[in-house]
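Residue numbering begins at 1 within each chain, and the chains themselves are lettered A, B, C and D in the order written.
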Amino acid sequence: MTVAASGPLLETEGLTRRFGGLTAVDHVDFQLFPGEIRALIGPNGAGKTTFVGLLSGRIPPSEGRVRFGGEDVTRLPAHARMARGMAYTFQITSVFANLSLFDNVALAVQRRLARGEGLEAETMAALDRVGLAGRARQTAGDLSYGHQRLLEIAMGLAQRPRLLILDEPTQGLSDGEIEGFKALVRDVAAEATVLLIEHNMDVVMSLATRITVLDMGARLAEGDPAAIHADAAVQRAYLGG
Amino acid sequence: MDFGPYLVFASLEGAVLAATLSLTALGLSLVFGVMRVVNVAHGEFFMLGAVAAWFVSALGGEALGLPAWAGFAAALVLAPAAVGALAWAADRAILARVGYDPERTIVATIGLLYILQQLTLMGYGPEARPVEPPFNARIALPWPEWGADGFAWTWPWGFGTTSYKLFVIVAAAALLMAVWAVLSRSRFGLIMRATQYDRETAQAFGIPVGKVYAWTFALGAALAAAAAVLIVPIQQAHYLMGGDPLLLSFIVVIIGGLGSLRGTVLAALLIGMSDGVISVFFSPTLAKILATLLVALVLVFRPQGLFGAKTA
Amino acid sequence: MTGAAKPVGLHALVLAILLALHFVLPDYHHGVLARVLTLATFALGYNLMFGYTGLLSLGHALFFAAGLYGLGMPMQHLGWSAEVALPFGIAFAALLATGVGALALRTQGVAFMIVTLMFAQAGFLTLLYFNEFTRGDEGFVIAQEARSLFGISLADADARYIAALILFAVAMIATLILVRSPAGRVLVAIRENEERARMLGYDVARYKLLAIVASGAMCGAAGAAYGLLFGYVGATFASVQYSILPLLWVLLGGAGTVLGPLIGTAFMTYLIDLGSGLTDAYMLLAGAALVLLTLFAPAGLLGEVRKRWAGWLP
Amino acid sequence: MTEVKKTAAGGAISRRTALKGLAAAGATGAGLGAMPGFVPYIQAQSSAPIKVGFQVHRTGIGAAYGRWYDRTTLAAADLINEMGGINGRPVEIVAEDDGTDPKRGAEVVEKFASQLGCDVGFGTLFSHVVMGSAPRAGELKLPYFVVSEGHHVASGALNRWTIQPGICDVKSQVLAMAPFVSKNLGKKATMIFPDYAFGHDHRDFFTAAMEAQGAEVIKHIAIPPTETSYSKYFPQIPRETEVLYHVMVGPGVLTFVKELGEFFGPSHPPIFGFLDSLEAVDLNSPGLEFLDGTYFWEGMPRYLQSDAPDPVKFYRDRVGVDDNGASASDPKDVSTFAHMFGCWETLFVMKKGMEAAGYQTTADRQKLIEAVEAMEEMPFGDEHPQGRKVFNGKTHQVFGPQYISKVEGGKLVVQAETTAEDSFYPDEVDYTTQSF
């Protein structure tokens, strides 16, 4: 990882996606450096989810490129990007509802284990980290919503990603759960770079080391939390002024 | 027969298939589009339509002494109504209870298929029975020819059709127009489309989704039965006749794009005509193989159907 | 992994019972069970794709027939021995499954059903078209003398049963190992939520193809064994009906359970066999049974057991 | 796999021992023995009926034939029982549906042999069911009498236990037809037939037979079995066709013939068809008027001929067929008259064979086959109302008369009758050299 130490972990150039006549993401240049907790914010319809869809490979771009760890991954399908060290947690909880918690997390773990050795231990460790180890044999669909979000994060962690993309992770969580979540992300940041799409400004302000603001599919502003807080353009975009 | 007349002849035959197929497929497409279930018993509703037509016309002819055209006209009304009622009952008794779960519906309708086939075999018998067409004059067709003596009309050997086959095409077109009018102009059509578009929202707006489903299922079956009544004077009613229309309807629905009336009709035309035209160029079984593979490859390389818009 | 003892023990017990039945069953049921075991292997192959991977194919008769003809044609026309023809039949089915899979997997859902159905129908018609070699719908009989493996005649009732049992046992154990392995977990993940599996970094298309090829090979093995054990090769086995049957067997027994296919096949076979002794309307009974099952046991016989009492069943 | 050998060989012995033990336990009604169908049958006593396992197409595409095969068989069995049965024992027909499916057919044969305690298997028509069932009959050493008209028996594809003594095969039928067709109707024939093995027999043998007559078949049109409309293939009939030869089978036959008429209108060439194209179909169905003046092969004349001899009348009467070949109780229910006589005659051959072999128990099955193989001449009479027959013990196939009829005034009137000798062809197999 000599490259990553100096250069960006993730980089886009002129990334664009059009749906029919609508341009959801419009020539975005974006850089994300190792060790950051980056928040991606913007009003509804700003193109945040489309943008991370382009990053993760769920959506093919109309134009532009994506580089990950110095490698051009624009043409790679989603699964190949994940295999290179991305992890993605869904905005709408998307665990395997009919499988046990163990199987859910084991699926995240087993891909990088050569012969399945240590599968059980690693899986349990990931579950333990989000406090769900005691429920390993339960069916995921039976969990409460908050617990399902935690499971989703456990699956992200279990992949040991270089980049963890969290799409609105605190949506629907209680205040208590949000506090726990924040601690978890700070913990994770020691090992992985985090890209966080988030509506909850408290979470953003307390977690992010840097913030990127999208509006109308374009990058509106970027900076540390204090700078963004003070940015007039950002305020206009949010307040519709 | 020369190539030119043969091509026209085969196309005409294809058009008859296309006409009844578009009705049958439209029935399947409505069920599929609105209820999101695969009705494997759809072909059996087609078969029941044909069998009911035989009963009505035989009864009308023997017991009441009605002429063939009156028996046929009665069958055209009564058979779809009876089959529709049966489908309505099947929806209430079975499909509604499995909650229109896609997989369970497939198994349940396979079960229904066996039940309907067996009951027909027991009540109607294994024979293929004919229904007399209301009229059936052979119409020899002329072919333009430029010979040594200039332009002339010739009458190629075997080049012709029957008045009834032409009637089938016209009647199917009229029925399609009527269905189109119901779907696009009537309140029921509006409610159906709303349910198709978004079941939850429709429910929230007070649309009785359960009732809409039952009526849609009945309408779909009635359309298949109507197609069968039209075709039964050409092909006889037989208890195993449902397989082919089911298969072809599925193909048409997929190629035409889900829930699109225009697409369904166009796809039925395409399938019917290609069935006719391919038979001009190849030996019959080879023609069937090629037509089958063609359909498969169309689906493989245009999974959204030929007429469906590519969704992002 | 914990809890491995129960499933392994159960399946060993089932095989032991099947072996024990060999010694005690009356002739007729002994013969019926040999056929059930062969066809249950067909169902196991189907289950791999449908029950575990969630791919509903309506064209699996193609793979059964590929094994059947892959074995039968070279034996009939080239004088191959069964020892060579059997693996050839299986390989032929697997190869065909690779081709069909590569094309059909570009589609999903109902389109996938139709495409597989169309390929199978084209295969069926091809058998009729080349009737000079295949003898079309009438098919052909494999001579009794040729039907032996390593000097054991499979036309003999005892050898036939044991051979069918070995076939089934191999297929069942292979299924068991696969579904309990990491790869099996991925197949289930694809069935449950394809997009999520992809976003965990799995090459979903490759796993699906793997499932089709494994499924095709297993169904082909069943087809080849059917030809060898029962001596008849015919196009009927490539017809639509034989694509629907494994779906029914699997759904009846319980999709996504290892023993479900055997239970479903045996249940349906005996339903028809006993039913036809009672009434000509046995298909009415079969139809009614299907409707009742969807109403009251939607997960299939074994699936319901797993849901209610035995969550540990693989 | 060497282990298999041990298990299988060892199994053979232990399996029998175990079964004996079970039978002993079964006497107390315990265990499996208590379940229906699990008690092994007990060898028939001398007064018990002779059980004839009757494989019948009650469902599937053969159902229209199956119904009439059923009626004919029961009528023959009743007659045999009135005559005092076979070797002093009554005959019992044990019917089981085979679904017109080769897998189910094989299962039914197994059921006859191992479960229902039948002495012989009998009856099936569709050739793929015969092919699927025959190997099992051979393995179970069950005499298997088929009534299928396929060439599969005489071609040598089956085994010593499978025998066709009651109906001629397609090869002999078309051999007998070719001289008439080429002399009276035309030298250039176009053939339309189903793309089934049955159709291929017609294609191969009739084409060769025409060539032997100095005539030719100028076009083959094979119709795929999944087809439901036929007109689109008719333009392939060449203009120079002098005679059109058609044979069709399955539920689409009436459509096929009707569309043929619509295609030609008033100017059709001479037409020669096999009545298979109209079995179980009323000749006076709407749309068939054009058939007037065309010719048909008939296995046995459907309409009562003015000069019909007594055995023919007797047979029609016993089966319950009216003068038009329909059910005596329902004139709309048309029989499969051209084929179903085979069931009647086969049962009488079986009777004769059992009497010659002194058949008592299933242990005498081999003697039964040998007795039938020894048969040759079968004279016309109540037992053979279709006509005098000659049986070939080597090929297990019978040969007999064929009828050529013309449609006149909505009825089939016999024009010519060929003899058994007209339909002979060189043997293709000698089953008597095969071991049992």
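Going forward, a residue touches a chain if its C-beta (ideal position, glycine included) is under 8 Å from a C-beta of that chain, and two chains touch if they have at least 3 such contacts.
All values reported here derive from a predicted model rather than from experimental measurement.
*Asks:* Give me the ID of the chain with the smallest distance between its Cα centroid and the all-protein Cα centroid.
*Replies:* Ranked by how close its C-alpha centre lies to the overall one, first comes C.
*Asks:* Which chain's mean C-alpha position is the greatest distance from chain B's?
*Replies:* Max centre-to-centre separation from chain B belongs to A.
*Asks:* Which integer distance in Å separates the CA centroid of chain A from that of chain C?
*Replies:* About 43 Å separates the centre of chain A from that of chain C.
*Asks:* Quick check: how many Å separate the C-alpha centres of chain C and chain D?
*Replies:* One centre to the other, that is 33 Å.
*Asks:* Compute the distance, rounded to whole Å, between the mean C-alpha positions of chain B and chain D.
*Replies:* 36
*Asks:* I'd like the Å distance between the centres of chain A and chain B, where a centre is the mean of that chain's Cα atoms.
*Replies:* 50
*Asks:* If a residue has to touch 2 or more other chains to count, which residues of chain C qualify?
*Replies:* Chain C, residues with two or more chain partners: 125, 128-129, 280, 283.
*Asks:* Hunt down the residues of chain D that sit against at least two other chains at once, touch-wise.
*Replies:* 59, 195, 224, 226
*Asks:* Among the residues of chain A, pick out those that touch two or more other chains and give their numbers.
*Replies:* none
*Asks:* Can you name the residues of chain D that touch chain B in the complex?
*Replies:* 59-61, 63-64, 66-67, 195, 221-224, 226-229, 231-237, 239, 251-255, 258-259, 262-265, 267, 280-281, 285-287, 333-334
*Asks:* Inside the complex, what are the residues of chain B that reach chain C?
*Replies:* Per the touch definition, chain B meets chain C at residues 32, 38, 94, 97-98, 101, 103-108, 110-119, 122, 243, 247, 250-251, 254, 285-286, 288-289, 292-293, 295-297, 299-301, 303.
*Asks:* Please give the residue numbers of chain C that touch chain B in the complex, ascending.
*Replies:* Residues in contact with chain B: 56, 103-104, 106-108, 110-111, 113-115, 117-119, 121-122, 125-126, 128-129, 240, 244, 247-248, 251, 255, 280-281, 283-284, 286-291, 293-295, 298.
*Asks:* How about chain B: which of its residues touch chain D in the complex?
*Replies:* Touch list, chain B to chain D: 1, 5-6, 9-10, 13-14, 16-17, 118, 121, 125-128, 130, 132-133, 136, 138, 140, 157-160, 162, 234-236, 238-241, 244, 275-276, 279-280, 283-285, 288.
*Asks:* Could you please specify the touching residues of chain C with respect to chain D in the complex?
*Replies:* Listed in rising order, the residues of chain C that touch chain D are 22-29, 31-32, 35, 125, 128-129, 131, 135-142, 144, 149-152, 155-159, 161-163, 166, 230-232, 234-237, 241, 272-274, 276-277, 280, 282-283.
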